[in-house]
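Consider the two complexes below, in which chain A is the common component and chain B and chain C are the respective partners.
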Partner chain A sequence: MGQAIYNILVFPGLFFLILFGWAAEFIDRKIYARGQKRVGPPWYQPVADFIKLAAKEDIVPEEASATSFKLMPLIAMASAVTAFFYIPLWTTEALFSFYGDIIVVMYLLTIPTLTFFLGGWYSRSLYSTIGAMRTLTQLFAYEVPLFVVILASALLANTWSLSEITKFYALHPHLWIFNLLGFGIGIIALLGKLEKGPFDIPEAETEIVAGSFTEYGGRLLAFFRLTLDIEVIVGASLLAAVFLPFGLNLTPAIGFVIYIIKVLFIVILLAVLRTILARFRIDQMLDFCWRYLAPLAFIQILINLLVKGLLLR
Partner chain B sequence: MPKKVRIPVGPQHPALKEPVSFSLELSGERILEATIRLGYNHRGIEKACEERSYIQDLYLLERICGICSHSHSTCFVQAVEEIAKLEVPKRGLYIRTLIAELERVHSHLLWLGVAGHEIGFDTLLMFTWNDREIVMDLLAETTGNRVNYGINSIGGVRRDITDEQIKKIMKAMDTLEERTKYYIKIATEETTIIQRLSGVGVLSHDDAVKLGAVGPTARASSVDRDVRRDDPYAAYGEIKFKVITDNHNDVYGRTIVRVLELMESYNIIRQLLQNIPAGPIAVKAPRKIPAGEALSRYEAPRGEDVHYVKSNGTENPERVKVRAPTLANIQAVAHMLKDRYLADMPIIIAAIDPCFSCTDRAITVKDLGQKSEGLMQWGDLRKYSIEWYKGKGIDFSNLKKI
Partner chain C sequence: MGLIKKIVTWGRTKSPWVLHFNTGACNACDIEIIAALTPRYDLERFGVLLKGSPRHADVLLCSGPVTRQIGDRLKRIYDQMPEPKFVVAVGTCACSGGVFKGCYNIESGIDQVLPVAAYIPGCPASPKAIIDAVVKLLKSLEES
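Presenting the complex of A and B:
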């Protein structure tokens, strides 16, 4: 019991996630800044931002539904953290695991997006409402390709459990190469999920102020931002577990280092994409996701079916 | 969600750098109609000009705009010089033109960055603004200031340019030309930029003429109009340059026009520096300008700037009228916004390179509390304000009557 609470709250749970999330935010912002010939923030900037926001007054709009408005950041964070426990990190065994947990993780990762929608919707501000609508529209664009490529990887491993998937790839060390297309699609879909880079449409500053978060401030905004930081780590860990399943059978210390490198690699990739691309329009994003990303994801399924039929007999 | 929503963009909004109000009627993400309200920036500059001497006006008018400050001051001195029949020495004219072109370079680089920001491409913003510093440094070195240069005086310019500065500017032009070539490459090859810019904010040639668009906005709709060539002022008559036009008719075309104009500006600056004649830089101007009137045109970075000056033989002008380029372009914006996506709104507005505080020239004050819907005149306003302050315990009624 004590061990479980330690795992959930400290390592590799909440505390570790928050620290790693802040570190990833710093790396992201630093790379973004260096790519733009700026100096960038000092290492403690994410922590300082959090403390500053947390010290501010919470303001709930008069017309907003106060309970929902305040509850959303907490639900978002809770679901993002919960999803993390089912993802195998540096061993082939996740903290918790059961048959079918892959579906649960995917849905838990959708909940933060839904809370962004609901939070924006309950704010009753025009900009928030438009941002909320965009969040939801965007969700329909990237969610299908992301689901399909992750399921494609599961298909090859013939299981519905993330831990089983990593075990399978540990047994067949070179098969992950066939999933590289899926990894690329996963990265793009993750950009959409995190509302970053060319897909920061729901919070496009120059159009709709801050989208769903327009009316949020103080502690509530601090928690939303913390959720986004955590979501980066959870999303990157998920992609790392599914698409980059190597270095898992080594000693925990080396495995841990490899895991950190994998996640940071994805974080850096996201930051670089964010630096070099202009923001899409929502119709262009939908077009892109359905016309290119979704068919490519189905090609990934086809590849995996062929590999399964020809190589794994 | 109701079918139609009306959202306010402005007077305070992150997409706008200055207060102006757009009211957009939306159906989903699509803009059905856009109405524009100006008037948040009225500073009473024209009225203030009538109460100051010509020299004081020069500095006041320079502060109409924070970007094209030289445009307004040059436009004004040209009108005054025409009335006073002053012959400005060649070297003075060359220096004036040089500063004008440096100003165009910094304004267009600034615009490119703003355009990048409006389409969510901050990297472009940081890059161009970094390069813009080169021009800003040159301007600071030649005139003493980064924005409000204060180099014009009636009858010439106030500061001469040294050979060392000429060498430095020549060298900087090479760097900037190389950087601009890189931006041309980005603007014409980078997919996300082209996707966001082409087909957005279409203004056909006929509409551009009908709505009276000026500057790069008009030239991108293949309206071949440039005051520098059509009605040469300062040293432009002796310089060879092309007027850039484009037939894309959209924001993409406006981007192309501006980056190519940058290249043309480097060319003009080089010619100016190579051919700059020796001699005095200014003639002495009388304090009292003889009675008369003049209209002066000037191709500011944003388009044609017009100043009208009427003098009555005293130290102060009787009337000064300013028409900033944004006023000519603003009607085109409402036309361009129609039937576009909300996401295109910032870049469409930014594409005319708006300067709303330059534009606000007139304001009508209505007393909505009174039953009569009449306009309030200066005297009424004065009386009203004195009464209002009396209510607060302050008495202004004994102050000198203006």
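Presenting the complex of A and C:
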């Protein structure tokens, strides 16, 4: 019991996630700044932002539905952290696992996006309503390719549990090669999920102020920002577990270092993409996702079916 | 208690998010504010970010002498910002009315409408002066 609470709250749970999320945010902002030939923020910037926001006044707009408005950041954070426990990190065994947890993780990772939508919708401001609609429109664009490539990888491993998938890839170390296309699609879809880089359409500052978060301030905004930081880590860990199955059978210390390197690699990839690409319009994004990303994801399924039929008999 | 207060003050001085509002300026001061936020001066070094929504902002950068028409709007935007909040008057116009002082259609300075935390003279105020003022404002916060 005590061990479980320690695992959930401290390591590798909430506390570890928050620290790692802050580190990832710093790296992301630093790379973004260096890409523009700036010095960039100091290393403690995400911590200072969080403390400042947490110490500010909470304002709930008069027209907003107060309970839902205040509840949304907490639901978002709870679901993002819960998803983390089902992902195998530096061993082939996740903290908790059961048959079918891959579906649960994917849906838990969708809930933060839904809370961004509901939070924006309930704040009743024009900007946040438009942002909320865009969040939902974007969800339909990237979610299908992301689901399809992760399920394609599961198809090859012939299981519906994340821990079983990593066990399978640890046993067949060369098979990850066939999932490279899926990894690329996963990275692009993750950019959409995190509302970053070319897909920051729902919170485009130059058009709709701050999108769904326009009316959020103080502590509630701090929690939303923290959720986004945590989601980066959870999303990157999910991609790392499914597509980069290296160093899983080593001692925990080395495995841990390899895990950190894998996640940082994905974080840096996301930051570089965010720096070099300009924002799409929402219709261009839908077009791109459905015309190119989704068919490529189905090609990934085809590849995996062939590999399964020909190589793994 | 003292420690928590110290940590909160530290957070506030390291992460001032600014909101820029034109209260009737001739636009030169606005351009200088924008110039201060470009990569050339890189205000993110001090944690400064430009925010579009008053709900996210800590510092309200105002430029211009406050025309009669914009006075109400300025007050409304100020009310939408969560506490603690600071107003910085950028440019001679914002400090005192400048060349427009005494005109029939202006209020002659931000401090006629809102409490001002820092004044930046200059017509227009240069980016370096703006950065200097923000840093001084943060220092005074730290000391108080």
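Convention: the second predicted complex is superposed on the first by the 313 of 313 C-alpha atoms of A that agree within 3 Å, B and C clash if a C-alpha of one lies under 4 Å from a C-alpha of the other, contacts with A are read in each partner's own complex, and residues count from 1 in each chain.
By definition in this document, a residue touches a chain if its C-beta (ideal position, glycine included) is under 8 Å from a C-beta of that chain, and two chains touch if they have at least 3 such contacts.
Everything numeric in this text was worked out from a predicted model, so none of it was measured.
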Is A:R29 touching the first partner chain B, the second partner chain C, both, or neither of them?
second
So in the superposed three-chain picture, is A:F223 touching just chain B, just chain C, both, or none of them (first/second/both/neither)?
neither
Which of the two partners, first being chain B and second being chain C, lies in contact with A:F183: first, second, both, or neither?
neither
Based on the superposed arrangement, let me know which partner A:Y259 touches: chain B (first), chain C (second), both, or neither?
neither
Between chain B (first) and chain C (second), which does A:A278 come into contact with in this model arrangement: first, second, both, or neither?
first
Name the contact category of A:T214: first (chain B only), second (chain C only), both, or neither.
second
Between chain B (first) and chain C (second), which does A:K52 come into contact with in this model arrangement: first, second, both, or neither?
second
Just chain B (first), just chain C (second), both, or neither: which does A:Y86 touch?
neither
In the overlaid three-chain picture, which partner chain does A:P42 touch, first (chain B) or second (chain C), both, or neither?
second
Contact residues common to both interfaces of chain A (with chain B and with chain C)
36-38, 127, 205, 209
Give every residue of chain A touching chain C within the complex, in rising order.
29, 33, 36-42, 44-45, 47-52, 54-59, 127, 205, 209-210, 213-218, 221
Parts of chain B lying in touch with chain A, wherever the complex brings them together:
1, 5, 7-8, 13-15, 26, 28-29, 116-127, 130, 190, 192-193, 195-196, 341-346
Listed in rising order, the residues of chain C that touch chain A in the complex are 7-8, 10-12, 14-15, 39, 42, 44-45, 47, 51-53, 55-56, 58, 80-84
What does chain A use to touch chain B in their complex?
35-38, 126-127, 129-130, 133, 198, 200-201, 204-209, 275-284
